[in-house]
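Below is a structure I'd like to ask you about.
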């Protein structure tokens, strides 16, 4: 019983997630897995060195797949950010040759463990990898999801809130599609100050296209300033894990499987202990619908290309 | 008013501290300062990208010393961990040629800001740098302290708790002296299971010298496994900052100025909003007293050598 | 510096608020004021008895108005719930003869203290009392607000979320007007599942009028089941205090002064360290506009009747 | 999976515990049980009315014993504080005629549910009722414990910390024996400022007997000032529940079964997910040993008298 979370991949993102869970007291059992034994043991010891000064206690297990059998949530943060080093465009597909093999292998170990909780994927390219996780683990489609545009939406909300001088939590709305270059802000879904942002933008002469750029530019500022991003994505992933464990049934834009497009893609859904419980139906504009279809098509094609020779 | 914290140095340690403060909601105003503009802006943006998914809100100011004028606490995490790269012994003095110049410059800017809160130093070599901070800022001695052996004590408590299968928070006692190679566990101060650990060790055949090694080895595991340590020290520093801001008057082993030895060194003290409020008087053994004097002497000599030509 | 909160009135509501602040570590200084010395001392000692087992420390001052001089936020929870005992309708005006005198006296003491932070009123009838607080303290209108329909909106969100099986935090929208019998749900502002609730209600055959009843019935269940309500209102008040202290600039429906109606009434606003920073402009239906005007008129009339002979 | 807590008895104590769990996000499933259906439903609705304004989500089930089958922890806060009304001495045995029948009935329902987690008793007289719970539920002795002198120890720590101007968390040591009039502070176990309190008391002319009175007087201040106590005991109980759920293996003075005295009594133990894991052996003085034996004898006798005709 009690809360059991597994994290696979203890790079910048995975270890930041683990630290947030440890300092926040969100899990009772934390299973940390990484092929770099030295790194995962370093992090585990560092967490243990923190515990005398923390309000909560967390039990940590290292590199033991059998310990995720009873996990409520497993988070995949497998990655190889060094592959992104000279990637000016920050195209997340640059990591795919590495991550696709890693994910296949991880999936087999997850499956072998008997894990039957909810799998959250952060590993990039997020939507393709999420699809692969579902494909290789055989877990129900609604039990596998990616953080997807939960991060992109937060960036959009940061840009909007900064423009208007308000709390990002008081900005509603979503970025949709691929957690990658084909994603877009569904401005028709964004509401601020009690109104559609399109209205507010007219009144205040705000250029939404520029806000889109500001949101993206923020991502680049982070990536080019430190060669990885971790705090924003960790906050998103831990919030999602907590939603699942507490069966909160919250509305979040995550990468979830859409029959209509026959692929995973980010679109808001109600998420709880049974994973994706209900998918929303936004009143998108025609232009947004087209962008979404394009993004979906791109993900599906990339997935098919990727798995056909595996 | 409300809580205002400054962090100087946004490397692995400083940014982990900032993240714990942001996710925990411990400060209302957070001032982040680093000479690497790209890095500090990357972290600030990453924190902003997290905020839509966090329960608390924190306002962040970047690279503006004037904003620390009203800070309750300023934490120095200035460092250059790359200097430690080929340092097998992990001698923290290897960073001194870099940090002494940085700290002098930072002190002048802190002084110019009009800051009159509490200064917590993490920058290594911790005791020498803490002394320098007091020297160069002119702040009252009890308003400047170093995290010192708060981390070493946590490591000792981790090692003891692991041996006995108990919560590290249920291990009392202290490591004393330099936050460096001359520090030592004052076993006479360590109590577990309602008894002095020396008694428990006899009953259970526990070799305390070995536990000392385990505590140190843990530090090496972290350092050599990831080339820096951050989570343990961040938990210690944030706990200390919270103690100060809430005027908790808690007992903690920090680097504080001791008239007797005419130097900063780590020894438990009562800490609150007025900094170091009261120094403890432990009943150390003769051997421990000697070790402490040696450690104190080492720190004082290194400080004098360092500042004489500055 | 650091966070300073005053609470005036330590009945069911005030003491529950104090406890949430103490257990959550949201304030460093907490000033508790009540005319019942025995009760306020009992609560203060009870909080002190809790502190050895809590992660945070809070300093508590009892019955000293001078200690609120530097408070960031003062919360009025003055009340006399026993007056509500045989009040089948739960008309909050039944408390007015008692509270109006209490509030005048409290206002004079607040004024004399030199307090210049933000005043949050919970005392009922909320909107009239909030108006009186502003009137008698002379604080700027945007520095005085009432919790108002923040609680009613939470009840509406609870009713809607329960009907749809989703997180109440995933229900957007507001109850407006008087925190009393003339308040109403502005259904045009309520959005769920990415759509206006009016659309969702049509699709799923949900009777919004019935949901309104469920929301109200919940309030009665609480009031008649224990003769007071405290947990819902305390969560609302503490959230509001935290928003102010962290200058979060969040969108919340609170009782704030509206020039248009020349009265305090609940309507969403952006709230931060400077109190009410910006008022929203909702696209209400004609029917809702009329209800709001009626509610505003009722509050203004009651206020004028109340103060004319004071 | 995830955290599941049951609370039986939603009076002042039980509902304050529930509220701390809900606001702190410590449980995912909370089962509330009380014979007063109106009161327990009022509290449940009040918690639901809070949730839109809280950072965490908690699912609440009311009056369904089958829902505690999978509970990690069940807390008994059954009581009838009105029986204490004219009880000048605050003798907790005054509640026994009521609580013994209630506890027998509750035990049968707990047993029937199939519950096999850890049972924490707060119901008074605590040690006798804890013994009864173990007796009637048939749960393993180490899986049943009472909060016992965890509260008395906190009161002692409050009195000591107030005398010395330090954090109560920086006062170590225990009150032992019955959670009632025969309990006593084991001053030999109390340490402050790095020394035994007996030493500090000599140096500073502190009368420990007077501190004992101050600790007790605090309890009376609370009880006579509001006719119940809730915040101190709730903090103790929730800390204990968290220790159990996170398997923290912390040292806490709880009412646990001692073979030597053939009874439950409060004495520090290591507590984790398997309940009482290890009992401490304090180096008590002869006087303290005698007091403990007297207290143990009193509890055992009262238990035997109580159950012989049930």
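As written, the chain order gives the labels A, B, C and D, with residue 1 at the start of each chain.
The rule is short, and it goes like this: a residue touches a chain if its C-beta (ideal position, glycine included) is under 8 Å from a C-beta of that chain, and two chains touch if they have at least 3 such contacts.
Source: prediction; values computed, not measured.
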Any chain touching chain A and chain B at once appears in the list C, D
Type of chain A:chain C copy interface by residue overlap (half), same or different: same
Using the touch rule from the top, work out which pair, B-D or A-D, shares more C-beta pairs. B-D
Can you tell me which chain lies farthest from chain C, using the average of the Cα atoms as each chain's centre? B
Centre to centre, by mean C-alpha position, how many angstrom separate chain A and chain D? 42
Quick check: how many Å separate the C-alpha centres of chain B and chain D? 36
Two or more other chains are touched by the chain B residues 56-57, 167, 169, 243, 248, 250
Over in the complex, which chain A residues touch chain D? Could you list them? 1-4, 25, 28, 56-59, 70, 72, 117, 242-243, 245-248, 250, 273
Report the residues of chain B in contact with chain D in the complex, numbered from low to high. 55-56, 165-167, 169-170, 172, 189, 191, 193-195, 243, 248-251, 268, 270, 277-278, 280-283
Could you list, by residue number, the parts of chain A that touch chain B in their complex? 15-16, 19-20, 22-24, 38-43, 45-54, 57, 150-151, 153-155, 157-158, 161-162, 167-169, 171, 218-219, 221-226, 229-232, 234-236, 238-239
